[in-house]
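One chain, subunit A, links the two complexes that follow: it is found with subunit B in the first and with subunit C in the second.
This part shows the complex of A and B:
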């Protein structure tokens, strides 16, 4: 091959390499940017007075005096809306029956839209569910609801050969000539005065429990549950894994049984996580009865089995990477085999073992399938350490799935879902970061 | 060392929160995603009022029944009645399932809001799900293939639908697409112009259009008086007659507060 062709090949390989890195970075951006952007929106957002009312009533947070003056100023603007409603209701009574029926249907839609925007109207019975006790707590949602109030969505099915198309009709036109027509421009102009949006830093999203199945409040029970499960799994898997790795590398005699065990371990590492989930349900809960119901302990054990192969492999590699001279030096000084392992080999292999451990911790925190049947619930309060043996827990990974698909109002609480995703991604990233830092520190200490 | 300190600190902080929260034995609910909203709202209310922790998981009626039989939940939420086979399995394990009706529910047939079809007869729905009708044109709609959405076999809603509309033991069309919860049926139908699906009444919102069955739209009135043809009760199952906190929890559905929650969630009080 002449030098020219070689150069061309070399350059094109470099170009392909750079190209693939760029594609990867872009793909990562496409995934991460929306997560971070929307997730931060769960904590930093433009909150309305309804949000502050909710915080004060549910969490006793915020200054009562400031709040009551805010509520008073917002109520001044709302009073006009309520007056218009009562005025129109009185007009309704004087209308001819068929006209009344026509307006009544449209009016009840307006009332529903107003309730969604501002919370219960005067004369409404006190709602039982917290979600209906307040108006829109977030300004961007309030703007959506304002659109619902101002415009009615209709479907044009004039062409019988195609599906209908959506179009919007101003509600104000429907009420032309009645006293309610003034309501729509008034609300459009004064919504800010009624809801008093201001920039909000809701740190409680991390530390509060959820209110009314994640409509309001935070995600602390989920975060805590995730930690309980991941750390619980480590408590079982880490010591077991290291002991197994020591056995494989130091004690086991090469032979049929040993190679069988090793390949079984490698196979276990590739088993889909849902299989571990079903195994956990069948073995830990139904057979061993480690707990009466789903519980943190059952989930942690299941996760432990799932991450065990990875820990064993990482620890094995780390132990094998310890230079032979360390071992020989120790043995030549008259140290026993066990003493050599405990005082020379394991400390030297520690950075590698810990890295494997912390990365597995991250995996345990993020897995959904193993905990569906063994530990996770969709609603529950934060549990105490004493309850891990008997009680299931909410956990980030499972609750993200639950909010995305099963929740009855999934589209209304997307911000909570994104907030959970960001929290989970952050936890896993921090764990991995701590693995890197820990490794660097320990190997520095060993060298120095 | 650092790791140990971190761990220690974490457990200490957890222990502190733990002592604050650990009071009484928790109630564990498992089962139907349709009953889920009711169960979750009851749980929140119950915890607030009586200080008893209630954990709710939504894994489907079938799993709820299994959990009750295995003794791994206190209350099984189900959107269908227990089958004879399940009751027999429970008896074998010494579990005595007792049904409590919490609320009534109409199975709303939903289509995309852009679909001009406003009403179907029960026979037409049955034909659609059996695969005899495959185009909206055949039921007075536009010329478009019907995307049939069903629920998974574990679902109580699926079983009720089969029993009420198609008849037991009749084969559904192999082209039906399976979604695993009410929420995902709703999002699939709201994004697919030619889809049809069924939802618990509490899950209906403006993103989908409810169509009338035999000319009757599901509402509190029509479900309660039985004129809506596809209605069913929602159950809580317990092992034996409930007592103590379990009884209190189940009896919530008979209180003013419980009834209020049920109707605000869009379900129908008995």
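This part shows the complex of A and C:
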């Protein structure tokens, strides 16, 4: 090869390496940015009067006088809509039967779209589910529903070779010549007056419990459940892990037994997380019967087993990183081995051990598979501390899955899902960030 | 006076330990050590328990249904009466996404590790490491959510153009590079300098044009592809590769760092460029460590649950043709997670035990690969330390 080609190869080799690191950073950005952007939208958004009505009715929050004046002003604009509806209903009665049937079908679609937009119409029975008691609480959702009201969605199946395409037909044209035709431009022009959008900072998203399976309200039960599970797992795993690490670094003698124990440790680290879940179900719940069925304690124990190897490894590294001089100085002062470990080595290694603990805490908080069969429940309120031995809990990680994949109206509550993902990612990344900062400070300190 | 002497006597007594006290101390020390050992031993007990309890619920399945159906049939109808429990398609789905993610993550991860250990200056490396750690820290369910809510609709709506751009960005640099290298290699033996130059340029132009033609041709074919479902094997493979990357990078970086400076410097002294040094000397020396890294990364992809459960489509069939990554698949982990709820607690039914059989399969695979990678690392350390 001539030297020019070799140089090109060398450069491109460097470029590939740097490129793959850039791709990794980009991957992180691509995943995190939409989550952060949309997740913030769960707390900061343009809320409508329906949101304030809901807050007042469900959480007793907000000023009732302000609210009633707002409701009154929005009702003034809505009244005209309702008048048009009653007017059209009267017209329907006078129409010829076949025309009446044709309009009746279209009209009931309009009514449904209006109910979704503004909440129950006058004369409707009181809805059973809370989700139908209010109109759209978020302005961007209201705009979507307005579009649903103004246009009928149809699918073009004419060409069997390509996927059918969606197209929209204006409903106003369908009602041309009737008294209802005026309704569409009126709503389009006056939607702001009917819903009174206003910038909202809904801090309750973090602290409220959910209403009607996350249609309204916040995610406090999930956040609390995540904390219970992660901290519970740490309570079991951290002391055990540190003690085991002390054994491995200070007492273990090389030999068959020791290498077997180390193999066991790395095997445990490599077990797929779902298998931990199965083990938790088969052992803690079905065999040990720590609880009747799923419970926080069973989930915490399962998670503890999962994070144990990580803690052991981190603690071992931290203990080994303590300079030899510390140990020698302590021993030369006549203190025993045990005394040296307890008063010199462990305090010096503590920040490093804590770093590992913090990272493991993040892992326990974010893991889903082990708690599916052992601790997680889809809907539920926040549980008390006394219930951890008997009752399951909602948790962020599980509920993200549940809301995104199994919820009956998953696409309508995307903002809640994003908010949950953001909450979980924030918790985990903050823990990791603090670990990174902690580690940087330790390495500075150990360098002197 | 008298008080002082008493004090002195006491002080001197403090160093004289009675035989009984010494024996007591010894016992206490032994007991403490024993306690520490029993905690360390606890980990091994847990591993045994995991194997025992998963196997205990897995074996009844093979007793009821035998081995052949599970591994050879792809009819997965566990809810039917009588049910069918052919897991071939599910095992195949697991292998497919694992292989797919390895194809993305292994070259990228090894390249990034090389870059971190040998190319980048320390100041930049400091910022690259936290990025990798953050990528490792993001919970799997967040990745799954991203795959389901962001990536899947994107693939469904703009699948063709996305594939085309992916092809262009990934393949074009390598194709052009290989054109340069191949034309150089083919003309290297020609002695006459002028003729060699001529041939070189001719080859460059011919190969370059044909490769550009190839790029466009394949690109336009890819552009025309309609992805029917965004929740497919490709989507999952991409996301799993993100998740396997941090493991591969950090473990193979350790392996590369373990290769001593002397080997590098020897190679540079012989006139090799940095790329040649890395490829011809450092990579072979670190190869076993990198292999261990790859195994660990692959295991992370194989054992991952949430991403595949949310974004693989969960359809139990072998794609047509077998390498079609644009079809929905189903994996072992997702099947366990998804079916356990319905089969829950019905011990004795094949439907419950088949899930444990799958878990046992995963457990055995992970155990073996862990053992292998550990052996490899130990051996490499021995070789490098010259023993």
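Convention: the second predicted complex is superposed on the first by the 405 of 448 C-alpha atoms of A that agree within 3 Å, B and C clash if a C-alpha of one lies under 4 Å from a C-alpha of the other, contacts with A are read in each partner's own complex, and residues count from 1 in each chain.
Keep this in mind: contacts are C-beta pairs under 8 Å (C-beta built on N, C-alpha and C of every residue); 3 or more make two chains touch, one makes a residue touch a chain.
Source: prediction; values computed, not measured.
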item: Touched partner set for A:407, first subunit B, second subunit C, both or neither; value: first
item: Which of subunit B and subunit C A:421 touches, first, second, both or neither; value: second
item: Subunit B versus subunit C as contact partner of A:101, first or second or both or neither; value: neither
item: Contacts of A:263 with subunit B and subunit C, given as first, second, both or neither; value: second
item: Partner chain(s) touched by A:321 [first = subunit B, second = subunit C, both, neither]; value: neither
item: Contacts of A:224 with subunit B and subunit C, given as first, second, both or neither; value: first
item: Touching partner for A:329 - first (subunit B), second (subunit C), both, neither; value: neither
item: Contacts of A:18 with subunit B and subunit C, given as first, second, both or neither; value: second
item: Subunit A residues touched by each partner, larger count belonging to subunit B or subunit C; value: C
item: Touching partner for A:292 - first (subunit B), second (subunit C), both, neither; value: first
item: Subunit A residues contacted in one complex by subunit B, in the other by subunit C; value: 162-163, 286, 372-373, 405
item: Parts of subunit C lying in touch with subunit A, wherever the complex brings them together; value: 29, 32-33, 35-37, 39-44, 46-47, 49-50, 53-54, 56-57, 107-109, 111-112, 114-116, 119-120, 128, 130-135, 137-146, 148-150, 173, 177, 180-181, 184-185, 188, 226, 228, 242, 245, 249, 273-276, 278-279, 296, 299, 302-306, 309-310, 333, 336-337, 340-341, 344-345, 347, 355-356, 359, 362-363, 366-367, 369-371, 374
item: In the complex with subunit B, residue positions of subunit A that touch it; value: 125, 127-130, 132, 153, 155, 157, 160-166, 211-213, 224, 227-228, 231, 285-286, 292-294, 354, 372-373, 376-387, 390-393, 402, 405-411, 438, 441
item: List of subunit A residues in touch with subunit C within their complex; value: 1-2, 5-10, 12-21, 23-25, 27-28, 31-32, 34-35, 162-163, 240, 243-244, 246-248, 251-252, 260-261, 263-279, 281-283, 286-287, 305, 308-309, 312, 338, 359, 362-363, 365-369, 372-373, 397-398, 400-401, 404-405, 414, 417, 421, 424-425, 428-429, 431-432, 436
item: Touch list for subunit B against partner subunit A, complex; value: 2-3, 7, 10-11, 14-15, 17-22, 25-26, 28, 30, 33, 36-37, 40-41, 43-45, 47, 53-59, 63, 67, 70-74, 112-116, 142-144, 180-184, 187, 193-194, 202-203, 205-207, 257, 260-261, 264-265
